[in-house]
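The chains carry the letters A, B, C, D, E and F, assigned in the order they are written, with residues numbered from 1 in each.
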């Protein structure tokens, strides 16, 4: 199947269609809405299901194989976050705060995107490595921590320079400022690590690991069989919210629109190639790519509003949810699947290594 | 099985029993309540399930067969709405606003009633035409549009007469009044067509049509197998609300009580006969009759409060939910099933045509 | 399997693990939370499922066998409530109000605990008598009614003594006070009997009885197969709430902590022995014991805040939910299972009768 | 349009005391009120995170000044000791005094 | 910091009248408001127990005194007859008057 | 019963600023407050339709006049620039001043 055929067949899955439906419902100003309680519960449910599934798989395959992909993912995530920052700040002329906020939004991962990816693979009859759920959990805070740390550094430096030049305040006050920044950083770190997404995901992985296939049986109907239907319901609401944000896209500007499409494509394909190089399966490489391609639109605001309040959420939420998410699940997922199929079937790993060396 | 036997066996289904249970819970002033978020979500879910099911069936059977039933349903719905108005206004002595509001409430369709009908047929091991979901979607706004249009006309006329007799205001002001009325009508039309019920129903039909049997598989557990259980849960809440409204029935008056039982019976049986005449199956004729027999109690208030705010919601909600809905799902459904069985088995269609000619 | 092995294998079930997970999530101050609408709905769902199941079983087995266990349960519940009061008031030095509130909290039953018990047995491949759901329903208000009645008596007496000694008021005023107390008692009785837990449970038992196995089929996926998964989700929230209350345990005091562990153990084991003596099955005896061991933490506050507002909810909720519930589902359930296995296999019923005689 | 001075009584209390408050209003023949669930912190600690019964509720009553004293006196006397509860009174203007007895 | 006197208009009405109220505000070029769902009791009976459409909503608007009369006049004229609705006005102080036109 | 004059401070802000507001209250040793989720419209556009994080919250604090200035000054200084936020102050009477420091 060629790439257009794959995109088209992906378009015709309930998940994608109901997402598009949600967008349309919002555009025609329908009052359709999934009640808040349901749309707050569904991500928790999805993460629990992903975690249990991953944990059970890890029990079968062991931890060792996880190490390299984990480190690779962390490395790439940090690298990409820095890269995003440079692009946004220098080429996009965004201010310091918006640049770091956007950089980490795209450096972080989207759990909903991950769910859709799993369903996509299921649909293609392809499996992926269970430990990728753990990579998802670990990757979630990494980009934020980096961005917050760098923002705080930059702000402290600015403050110091400014105050010194004013000559108005004593050393001790600067010290206080830095301490405050550190406290703030520590607090944000705590918040981002105890955030519900990570907690339920890690918890479920561990529980999945402990109970195994057998223990899972009694709850598999809820946490496995209902999975795709639950995503469908959640994506109606995501579509509605994305649709409501479409008006804001104008405010986002052409540069950020282009960034929201090109950057994930780049990150995702690099991800697929690296994953293939380090030995992940066809499906695993797609999910690995998706982790890097995805942007965070649920966890991001919660963390960034406290950590970098100066940044405009209308920028990072709109681009992540309104542009990148639809693009990822409709277009990029099939593209990455194609790329992964090619590099997995044609022994092109050598070629890839070659490309990668050129890149780094 | 005779009609009483059928009613009795229908009484002993979980759906009906839990509905009655809800009524009792409300009467003994229990604090039992299905949380709002759940009872707001369930109709959306039910409509999505109905729509998907209908869409998939339509993919198998094609559109052509839909045309005649659709037109027949629209025609009957309009006819019935006008008929209701005459009865309510002349015999019932209701004012203009209440008459139109009630007329359209009973001319419109009840999606929940439709769900219960589908479950009833499933229980009897009988199928119905999938395109009836589309008829449900199209029929939903028809009666409202007619009633609102006529109400607006009547109000404009009244205003004009009154103002002319007063001789106080210029032609242009009357023109303004009419323009305002038109704007209002347009707005209400938009509201009623983009109302969540129609949007999710039409959307799901189209999606069902696009994905077909195969695409549905991954979500069939959620959107098919959970269906009856979900209705049960929803009907607990409907029972509670109906039970709370029982006190208001006194205020509704004997005339409206009689209307709420006789009218649906009349409309429903005509519906079954017409449907049989135009070739619908046994089950299809029951559902067609149910469409015409049912009254709207969720969509109605949302549309009518804006369109005809002068009408008393205590009248149309109480009669539709407190009297007609229980009557329809407990008594009329088995009756219509019986009628449909008779006319389908005994070649009584000629007879029926005869009767119909006499009526029109 | 020895008792530690059984506890350990019970620990490794999803239900227990997700409960512990919830506690941990609360301790690390995560913002994880199951939305209110979901956690209000789940107990209703669980009780409906328990009731339907029980009702269907009772249709198969008949009522007669229920009488003795029912009377035994009521008797023991009353006895235990009085016993708790003596212990709390004399040994624990709690005031009158707290003593009665706590006594009835532990004399009453916990529906969630019951759900977990059913899942535990399912996991062990053991069944229990269906009529125990009815015992659950009847037992729910018994302890409250006793405690409220006794509290009211005590208060009236206090008032009378006080007023007489003051010599300030007339007989008629005392009469009024007593009348008020009686009205209050009547009101509380109504509230506790029409409380949602009892209503949904009794309703579902009756409906289950009426529809039987066959009628249940169409909803068995929702009310049977999803059961364990639903408990898991609910126990995440219960874990979170229990975890938030752990800080309050200090305030509860050593005496109440000990009471919250020793009392259920005592009550539960007596329950298992009595149940065995009156002929219940291995699983039935465990459930019977669990009824007596469990403390109420959802229904209790609703009833007690109105009936004995002077009692401190921080005492009875914290001990019931924060200590007894975890202890019951993690430790006591396996212990009672062990005891029941022993007395059922080794013809130890005679021995037991002997012990019981000694006790009473 | 003229605005007439009336009182706005607000009672913030634990949800299980709502019935008591409304009963007191009814006893003084006040049938109009507005309620909604809230969370909060106070002398009895953080409220509203866990079970439904642990939430707070606000009861708002627009009323004529003449009944105010009796109502708040009864609320204070019967509920202040045992329940998490706060009560305050403000001045507002309304269009139709006949609605608020 | 100085607090400037402005008016706080509160409209408690059935949820299906919310759009009408907000349209009236918009017509008078007031775009700032806060809304939330409530339950209540009044001349039109207990509201908020059943279907979503049967609930009430509160609309709160901080505004300058000069627009108040027009807004409440229009609300009273167009909505008082047909809807369950209550309206009251209080005095509050704000820091930034420019936010509230 | 005598009603004592105190201030009712209301802060309507985006939900992610709630913690900041409550931290400021705590810093000024105010532990009593009431919160609830709301929706709204203002300078930063319509809020409350989509994700939970996009909602608003109201924080209401009954407090003595003497602390008011410090609290609103700190809220204004630290939160007005970056968050969707509105703040207003009214006068209310309470029965037990000792509850509100």
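The rule we apply is simple: a contact is a pair of C-beta atoms (placed from the backbone, for glycine too) under 8 Å apart; a residue touches a chain by one contact, two chains touch by 3 or more.
Nothing here was measured: the structure is a model prediction, and the numbers come from that model.
Separation of chain C from chain F in touch steps, taking the shortest path, is 2.
Least step count on the touch graph, chain E to chain F: 1.
At the interface between chain B and chain C, under half of the residue numbers involved are used by both copies, so each side presents largely different positions. Between C-D and D-F, more contacting C-beta pairs join the chains of D-F.
For the copy pair chain A and chain B, the superposing rotation over Cα atoms measures out at 120 degrees to the nearest 5.
Our note on geometry: chain A versus chain F, Cα centroid distance of 34 Å, whole angstroms.
Between chain A and chain C the centroid-to-centroid distance comes to 44 Å (mean Cα coordinates, whole Å). Between chain D and chain E, the centres computed from C-alpha atoms are 20 Å apart. Residues of chain B found to touch two or more other chains are 33, 35-38, 40, 221.
For chain F, residues that reach two or more other chains under the stated contact definition are 36, 90-91. Viewed as a network of touching protein chains, the structure does not reduce to a path, ring, star or complete graph.
Pairs of chains meeting the touch criterion are A-B, A-C, A-F, B-C, B-E, C-D, D-E, D-F, E-F. Put simply, chain C touches chain B in their complex at residues 35-38, 40-41, 44-45, 190, 194-196, 199-200, 203, 207, 210-211, 215-216, 218-219, 221-223.
Of all residues in chain D, only 1, 3, 6, 8, 31-36, 62, 90-96, 99 touch chain E in the complex they form. On the side of chain E, the complex with chain B involves touching residues 14, 16-17, 19-20, 49-54, 81-83.
Remark: chain B residues 12-14, 17-18, 21, 24-25, 28-38, 119, 122-123, 221, 225-226, 228-230, 232-233 touch chain C in the complex.
Against chain E, in their complex, chain F makes its touches with residues 10, 12, 36-43, 56, 58, 69, 72-73, 76, 80, 86-91.
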